[in-house]
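We just call them A, B, C, D and E in the order they show up, numbering each chain from 1.
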Amino acid sequence: KDTVKIAYIGPLTGGVSANGIGGRNSADLAVRLKNQDPNAKYKYELVAADDECKPNVGVQVATKIASDSSIIAGVTHYCSAVAMSTVDVYHKFGLPVMVWGAVLPEITYGNDYKEVHRVNGTMINQNEVAAKFLTGLGYKRWVIIHDTTDYGKGHNKYFSQFLTKNGGQILGTFGVTADQQDFTAELTKIKELKPEVVYFGGLTPIGIRIRTQMDRLGIKAVFEGTSGIKSDAYIEGLGKLSEGSLSFIEGAPWEKLPGGLGFIAKYNQQKYPDAPEAYGPFAYTAANLIMDAIEKAGPDRKKVMAVLNNTQNVETIIGKVSFDDHRQNVVPLISKYVAQDGKWVVWEDSLYAKGQRKLGQ
Amino acid sequence: MPFDIFLQYLLNGLMLGVIYAIVAVGFTLYFGVLDVIKFSHGDILMVGAFAGLTTYIGIAGTFESPWLQLLVLVFISLSVAAFLGAVIARYLILPLQKAPPINTLLVTLMLGLALREMVRLFYPNGSNPKPFPRLLPTDGIALGEFTLRSDSLILLATGIITIIAVQRLITKSKIGLAIRAVAQDSETARIMGINFHQIVLITFMLGSALAALAGLMNGLYYNEVNFSMGLLLGVIGFSAAVVGGLGNFYGAIVGGFLFAALQTVGAVLFPAIMPSVPSAYKDVFAFTMIIIIMGLKPTGLISEKSSERV
Amino acid sequence: MNSAKSKILEASNLTMRFGGVTALDSLNLHVNEGEVLGLLGPNGSGKTTFFNVITGLYRATAGNVSFRGQDLTDASAQEVYLHAITRTFQRSRLSLPLTVFDNIAIGDNRRLNTGLFFNLFARDQFEKEYDRVVEQVRALLLTFNPQLAAKIFEPVASLPMIDRRRIEICRALISEPDLLLLDEPSAGMTHDETAEVMNDILQVRSKIKPFTIILIEHEMGLIQRMTERCIVLNYGKKIAEGTYDEIVSNREVQVAYLGQE
Amino acid sequence: MKLLISTFIVFLIYCILLLGAENQVEVGALVAVAFVASLVGKKLGFMDRLAIAVSQHSSFPAIASVVGVLIMMAVFHNSHFALLMLATVLIYAIVCLGLNIQFGYVGIVNFAGAAFFGIGSYTAAVLATHTAVPHLLVLFIAATISALIGSILIYPVLRTRGHYAALVTIAFGILFRNFLEVNDTLGGPQGLKIPPLTIFGWNLSEGIQVGGIELSFYIPYLLIALILLVATFRITRNLERSWIGLSMDMVRTDEIAASTFGVNIAHWKIVAFTLGNFVAGLAGALYGMMTAYVAPNNFTFADSLILVSIVILGGIGNPWGIIPAAAIVVILPEKLQFIQEYRFLLYAIVVILILLFRPDGLLPRRIRNYFPGKKAGEQE
Amino acid sequence: MALLEIDHINTAYDRIDVLEDVSIKVERGQITCILGANGAGKSTLIRSILGLTPANRGKIIFNGADITHLPTHRIIGQGIACVPEGRRVFPRMTVDENLSVGAYLVGDQKVIQERRDRVKTLFPRLAERANQLAGTMSGGEQAMLAIGRSLMSSPELLIFDEPSLGLSPLFVKENFKIIKEINEMSTTVLLVEQNVRQTLAIAHCGYVIAKGQVVAQGSASELAENSEVQAAYFG
């Protein structure tokens, strides 16, 4: 068999490296499984690189990967700013890539590059559901905390839009930095505002801090997070306090799909020291889509790109994947999760949905 | 602003301030001996916190009383940090003694990076935040919107007592005298019979233990620790030490509380006064104020007494 | 010597306080054009402080200083230098990593062209000026110590104390000052060495112009030989003034300074 | 001279191998070779001999470096990544030459280097996107803006010293990045795209064909970086070897003695600070255009520290030290990509080891020699 | 046996030899002086004794023990104190604190207080300025402080490197008187001075160093007559 190289790029060092390493392991898992498949035409090799979640480093490694003609395609980027900075590079070099974690809409919609695909949904989809869902449950008064990265700011923007549309009221908006430790000043102000729901647009680390400090100050509001906190680390980091936190993520709930359960079983089999984290399944899916395309079209960037462009209704562990005219996966479904008894549980199956427990207690 | 809310802000500010101040005291200590910014201070703090956490996991179930657990945890964490401090002094600081002092900055910077990366990579699941045990009693009183829990009080008292103790140690004790002598003129200090190497080692052990204590306090207060917690705390601690006035422990306290106040004001009051400015500008506000203060008081709030003459 | 004795420097009611310490206490004194004035006094009587106030390093708490009729009370150190007043320091203040040449050349700062264009781009012209300064420094060093002249491009750090003092004096002389302030130039030197250095200074003085000197010294032999007039300070006040013979026979000076009962 | 040329050739081959090295074995072997070679070289007194040879042919290193870069450019004419790295090294070297004026000469440690670099990039982004200003001019406007914004800090920087001054620049560095992130007019956290450099209507980001050979679009950037580096290097060198350098050294080593001899402390601090920021902005603008993207995350406090590290690692005050130091700091982490998440750990350890072996930096500053080559003749 | 015996030592800074084959004996209970022109190597000799710039050949014996390669603080611990060249007071400490550092190796607080009082009677200016930062003192005041500081430990051997530098005539006299008194209270003194006349007046014996070598030695009166000394100091 010929060896074909595909690339993985994500943050392997720095503050969000847990996600990057989880994604890397997931993509690696896909490659290993493919290499065990006797029917596969090629032997695959994953070239992993670290973008540090920094745009300039991203451009550097993207150039390195894209200018290496032995690499056929890439599973790229968790951080939106990095993805934004590298799409031009991929376009210039004609390297087909599939974004596996960055959620900013502009990555796919801001250009018309045939090279750039995305398996995960954008923050638009997520927030539409998030806003409708809780206003539907009868909540009225919100406070928004978001981190000032593109992720948090984007979430704030879309959530605010959808929330006002759905009749929710925003009492206050607080931007916090991603490395902030202390939120008591903001939270005291929030306590004074007496919201019913605290919406948090940001990632696990500060999500944990904010939730803990809410408790310290005795704030008893519903904690509504985004995809950024849907991680085991969130539950582990909070213990009992995680109970009743909400999170939303694009795609079908892979825990409930047969492929998803298989994924996690095989992941555990490989004994990776770190968890796949929330976006691991997307990286896994992206790697598989790419390898399938190579199987179909051969190791040729242009041909692989053409196959990827036309991906429609492909069954994956995150549900059906179909790309629209901007090669953005049209995510049919947003999954809602609630933390219950130390686990993320799909809302519909939870005691909360059944009315046996109440949020924000 | 309602009084209860105001009290809450005050308490928040005090807690934050005392943690900053302890970090700042560590910097003050190092400025003394090395005359250089020790950029790994924050990371030692983090290592101290993780050492405490590990100890807790290790002794889980061995002791009934949380107080006893706490004692063991503090003891081990401080010892680990002190040992680490001694190793750093011996193998990184003393060998560079003859090089320009700023080179120590680079070494400690790299050391901090290495420590951070080691925890991230080798501590089990180290890149994610860890819950820190609640070992202090959490009962408290509520006064309207104001909640005062006893753990806050204990931490506040510990912090202030520690700072005063260090201050006394440095200004009143023999060892403190030796530390200052080494700082000002290491050669002459030796001529006075002071064991230079030993003093550098002791200073580093003391400073590192202090960092570990700050790390533990941080963990006990926020009930969460993570591998990058030292980064920002380090920068803020440094800022507090400098803005307060170097070489002065009261300066560290003043700087610590000032910084906490700036952040609180920046996050809440400032946007309230100027509604067009969102709270996200708080750091911009705090650091702008720092620059302005430095312009007005170039040697810190509690000015260093000038000993320079011609 | 000019017997009309026009005053070159005048201090009136000069006061300098540091917290509780009054280092200069309503001091009135003047210096005549072209003379060598000895400034004496017990340790801590304010001699160095007087230099520091004149040269703009300290701002006087009260009183005035005028130089050739111009008010220098609030002048910055840089302005004072531009009035052609230079000095040496009681504790040597040389930049140790820099060469002998560098340390002396900066003394002629007033005449060096520090324009950006000249220095960065007009290297030919710069080289000409550089050659001139090297010659000047070398000539000066040759007067003081020919061996030192050979070390002109060596860093000062490796030189013994006495050479460092010489360099400091050269730095103060190279700009051909009108008023030279010497703060204990003999400290740490043997009699011979002191005599030699003083002779060298006088030699330079005779070569360029009869500039005025204020000399702070505890070495009475030197005072006797060098000065035409002396002023004695104690606790920041003038306690005596006159020729060497006059002040050594002053009772107050004997008790407070010379230690003769 | 023979010694020099052979050293140059060996070194050049080493650089080419290192830049081209892909896998762990190659990189590991090359790093090990460098370590062993430097140890053996020290033992055999090779460095001393080299130093003597260099002092006899003082213009050799400069010419050799330029020729070396050109040769590497030719070797890697169509491998984009190697050229990108090479150009990055040169650009970092330019910024650090600027910081060196501030830090090495007048003694202001600028912990906001990345901020001024960033101001250059952002200015380039705004001007190149929204105006028709010719791009070469954009570089200089960006540099000027960087210097102008720096002048906000002049008052506190002049009043403070040592750690107090360090705090001023640290605060500015952090503030700058935070401001970019929360303020949406400049793209907020996502940053901005920068159009590629266009000179006389020629878009530099399009590949070039010369005589049928495909050349990387990074070559023009590399050439511009090289020209700017040579220019800044010359200027820094002339600056150091002039009355200005002397005045600045006096300001750094003894402000009191300096002011007593008429040195205008404030003036030289302002000149150095402004010049340094100008250079940083210039490099930032070029870097921005080359990578075509700016975002706040490129200009964190950590990045400023990296810049300061280069100056220290090279040997404070010596412009020659900056070039190898920039190469190490830029290329080493990149070449360590194969160890993925472990690369920063290893990088930190390597830098610590270098400092333990060379406590004064790679090439410590030597005493000033206004006209090298001339001294020997004059002295005797 | 002599209290301090320096036995054929060589000392160098960065490979440049400064002392060559120097041998000196300091007899118990005496004042031994070292004379020599500038840059002769007197301070270097002291640095070698104190272990600051250790000798690279030869031996230094104090009280019968070889101290050549001991670290400085251990050497001091054997009972040596020193007024270093250039005074070297701790600039950001007060006068009182400087005195305390001088008594670093003394345990008893009462003894420290007694000695502090004695120093302050010897130098009233130090009493006046007990809380002034040493760095802001005048040159002569710092000299007084450095001398006072060295008296705080009660050493067997006191080494002075040009202690009267910068002192007014009154205090120069005072200073020599103090040295003599200290010596009479059974402290051995090694004195480096430029003030030859007064030095020879109180010293028992001495050495003359020139270019890093001992060129003459003898009792004080012999030295006063010696041609080397005449040449070096009296022209």
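One rule holds for everything that comes next: a residue touches a chain if its C-beta (ideal position, glycine included) is under 8 Å from a C-beta of that chain, and two chains touch if they have at least 3 such contacts.
Labels paired with UniProt names: B, D = ABC transporter permease; C, E = ABC transporter ATP-binding protein.
Because the structure is a prediction, the values reported are computed rather than measured.
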Handout entry: Chain labels contacting chain A and also chain E
Key = B
Completion exercise
Looking at Cα centroids only, farthest away from chain D (ABC transporter permease) lies chain E
Problem - chain B (ABC transporter permease)-chain D (ABC transporter permease) separation of Cα centroids, rounded to whole Å - result: 33
Fill in the blank from the handout: dist(centroid_CA(chain C), centroid_CA(chain D (ABC transporter permease))) in Å evaluates to 43
Fill in the blank from the handout: Here the gap between chain D (ABC transporter permease) and chain E, centre to centre from mean Cα coordinates and rounded to Å, is 50
Problem - For chain A paired with chain D (ABC transporter permease), centre-to-centre distance based on mean C-alpha positions, whole Å - result: 37
Exercise for the section: Enumerate the residues of chain B (ABC transporter permease) that touch no fewer than two other chains. Expected result: 117, 278, 280-281, 283, 308-310
Handout entry: Residues of chain C touching at least two other chains
Key = 48, 57, 89-91, 93
Problem - Residues of chain E touching at least two other chains - result: 136
Completion exercise
The chain D (ABC transporter permease) residues in contact with chain B (ABC transporter permease) across the complex are 109, 153, 155-156, 159-161, 163-164, 166-168, 170-172, 174-175, 178-179, 182, 256, 301, 305, 308-309, 312-313, 316, 341-342, 344-345, 347-349, 351-352, 355-356, 359-361
Practice task
Would you mind writing out the residues of chain A in touch with chain B (ABC transporter permease) in their complex?
Solution key: 13, 15, 17-18, 21, 148, 173-177, 179-182, 184-186, 188-189, 191-192, 204-205, 208-209, 212-213, 216-218, 231, 233, 236-239, 273-275
Handout entry: chain D (ABC transporter permease)-facing residues of chain A, complex
Key = 12-13, 17, 21, 24, 48-50, 53-56, 59-61, 63-64, 67-68, 80-81, 84-86, 88-89, 92-93, 104, 106, 148-150, 153, 175, 177
Problem - List of chain D (ABC transporter permease) residues in touch with chain C within their complex - result: 235, 238-239, 242-244, 246-247, 249-250, 253-254, 256-264, 271, 367-371, 375, 378-379
Handout entry: Interfacial residue positions of chain C with respect to chain E in the complex
Key = 18, 21, 41-45, 48-49, 90-91, 160-163, 184, 187-193, 195, 218, 220, 256-259
